[in-house]
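Next up: some structures, all given as structure tokens.
One chain, chain A, appears in both complexes that follow, with chain B as partner in the first and chain C in the second.
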Partner chain A sequence: MVEQDFPENPAFIRACAHVISFIESKPLPELRHLTFGFLSLLIENHELVSSVIAYLAGDRARLLDMRFEFIDEDEIYNISPEEINEARMGGGFIHPTTGKSVENFEHYIYIYFVPFGAEMDSQ
Partner chain B sequence: MGEIHNLLMELESRQISFRILSNILRLNDIPSAKGWSALLQKNFNDPTEQKLKEEWGVVIKDIYLNNLYYGDKAISIYKIEDENILPLLPEKLSELVSKDSPYIKKYPFSIQDDELRNLSSHSVGTKFEVISSDSCRVVFCAKRYIKAKTEINFDDYEQSVREAFSGFDEVIGIQRGCAQCFDILHFDQSKNQLEIQIDLHIPLTGDEINRIIRQYEVDINNWSIITFEGKNLLGKPLNLFPKVRLLYDNPEGNVMSLGHSTSTASIKDERMRGKQTDLRHEPFHLGGLQGVNNLTDLYSITKNWSGANNFYRPELSIPGHFSLVGNPNAHIFQANIRGCVSNSDFRMVISKIS
Partner chain C sequence: MTSGSGAVTLAQVRGELRPLMPEIANLLDIRFADTYEKFVDCIYQTLDGALAFIEENPQLRKNDSEDRLTIEIVGLLRQSGLDASHDSMHGGHSDIVVKRASYSWLAEAKIHSSYPYLFQGFNQLTTRYANGSKNNNKGCLLMYIRQKNAAVVVNKWKEHLTNKKLTAFNISNCSQRGAHGFYSTHNHTGSGCHFEVRHIGVLLHHDPQDV
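Moving on to the complex of A and B:
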């Protein structure tokens, strides 16, 4: 599929292939929390990192699922994409424990990736 | 403002997890909202049926009481071995309640802040309650100090102040306040044990918790010497250090964090990101253990178990320091229990260590 989508871009195809073969070669427990930094280690051409991740996490490839964490000091909370979308649409972000609105919430939101369709830890 | 609104304000002041509260409200078909601000603005006095409103009030009061009794606590456990004292305890413990407690008029709710500010910090026995045929509790109320960090906005100040702080990205102010805490002396006759449970709805350091528990020991033993003809009721608390290994080895529940010291001279503080996964199954942890042939000494652990619903997991933490592993008399006298929403959750967690 990557070859069909990017026939003129062998470097991009190669980078995608690296990530795909890595994901396919590992059991799920080893792929529970893939950070942007980790995925960039798999892609030799650093200029392609963002576009490769965006493609593999996009609606067409659906290989990676983007997940969100809210980190407040030592506490880590998984946040659903719906909550993030609502906050970004201007609805504000509410701290899961204190129940209070968080100023500059984007500052405390971090993304990571899991294989598409992996179960989410809701707590 | 109605009764439901007042109950919610009490729950907010006790800093109950909003996510857990929302889930319990929804479970009981009570409307929730996005955050405290929206929830407190909800009109619960709307022309809903009176009966429904009363039912909601009962449920929310129950949530409040469960949080008061079984919310986050630090605990020390004491085995009572004196056969002469044991049968007398349930009745005698009621004497720890002071008739002059300034907290009783609002109990189980908190007194007003301005009144609290003028009280001493010493805890006061406020209520004796029979829980079941073999358990009872004395609820102590105490004023404790809290510090809150607030970001100071430069834009609220005149030019000279803004210039003075121009080199800083953020300026944080510390506000001191006080909160009413509800500590519990719990007697479990079936296990011959007393538990001192310290209210953790405000943050306390390990040293602060230790100091508070030692003060309770002194106060209770002073009372006991008079009540039980010169005998101390409380000896040393149960040593929880050996429980760290037992909890780790027992396959049930999820290990969330572990502190251990390896035979290869490294100190590991390992932690899972979520509550649903178990460190003991994590490949890095397993590989590390294999690398040192399982030769590692454990000194701290946090473990959780399923709750009655899937939106929470009661949690037990035994906080230890790596220096403990070199000590043949290593002891940890206190554990922290968090995330319980009912008596059965709380007793389930305590049963893991006593």
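Moving on to the complex of A and C:
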């Protein structure tokens, strides 16, 4: 699919291929928490890092799924996009344990990726 | 592989890191777009970045066909996580289609040669391809302009379109494109509801006078 989508962009195809072959070579438990920094190490051409990850995690390729987690010191909570949207719409973000509103909550919500469609709830 | 190893926060991607990773920032915006209007806003944010890139080097594209220019734009949209596609055969699809769940947005692209030709594109977009339903009531006409004075071309196109006396026709400014773009709304024949078109003049004139 990548070749068909970018027939005249061999550098982009190569960069995607590196990420895809890494994902295909690893068992799922090793892929349960791919950070932006980690994925960027798989892509030699640094100028392509953002676009390769966006394409692979985008609506078309759907190879990676973008996930979110709220981290408060040692506590980590998975958060859905809907919860984040609700918080941004004015409801504020409520700490999952303390029940208190978290100011500037987007500073504590981290992005990571998993293979699309994989059940990764056993963290 | 823990969160501490190269993890970024929402605040960082939406703020200080946006210039460094615009495609990821656009992907985030799309992921959080929970209305058709937000979906289209995300497309336009991405499209504006793609057009700025294309307009940087018109000399590289002076011989490009309509399809080739459009395919390049589609590629840039895909690189920001959008499900964009292109139908070079024009076989019942618009030049550019972006879909997400039940949302769809269409664009027609024309190399400007005459105003009737642009109107043909406008009609294809609004009467052939877009059904005007609530999740498909916005589209775009991309005008690739190789002539001088693109602002004059866009303005004359605006007059040409206004003179067509479309039902419930209205025009508004486009702050992002200034003199090289505008929005129109009119009554979509099929749906009977308002349909919004963003008209964009893409600046591809290249005629250096220093040789």
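Everything that follows uses one rule, which is that the second predicted complex is superposed on the first by the 118 of 123 C-alpha atoms of A that agree within 3 Å, B and C clash if a C-alpha of one lies under 4 Å from a C-alpha of the other, contacts with A are read in each partner's own complex, and residues count from 1 in each chain.
By definition in this document, contacts are C-beta pairs under 8 Å (C-beta built on N, C-alpha and C of every residue); 3 or more make two chains touch, one makes a residue touch a chain.
Bear in mind the structure is a predicted one, so any value in this text is a computation, not a measurement.
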Should A:H33 be classified as contacting the first partner (chain B), the second (chain C), both, or neither?
both
Go through the superposed model and pick first if A:I76 touches only chain B, second if only chain C, both, or neither.
both
Between chain B and chain C, which one contacts more residues of chain A in the superposed model?
C
Answer with first, second, both or neither: which of chain B and chain C does A:T97 touch in the superposed model?
first
Given the touch rule stated above, what does A:N85 touch, chain B (first), chain C (second), both, or neither?
second
After lining up the shared chain so the two structures overlap, which partner does A:A54 touch, if you call chain B first and chain C second: first, second, both or neither?
second
Intersection of chain A interface sets (partners chain B, chain C):
30, 32-33, 69, 76
Of all residues in chain A, those that touch chain C in their complex:
5-6, 9, 12, 30, 32-38, 40-41, 49-55, 57-60, 66, 68-69, 71, 76, 81-82, 84-85, 88, 104, 106-112
Would you mind writing out the residues of chain A in touch with chain B in their complex?
29-30, 32-33, 69, 76, 78, 91-92, 94-101, 103, 121-123
Contacts from chain C onto chain A in the complex sit at residues 1-3, 5-11, 13-14, 20-24, 26-28, 30-32, 34, 75, 78-84, 99-100
Write out the stretch or stretches of chain B touching chain A in their complex.
12, 15, 17-19, 21, 34-37, 39, 151, 273-277, 281-283, 310-313
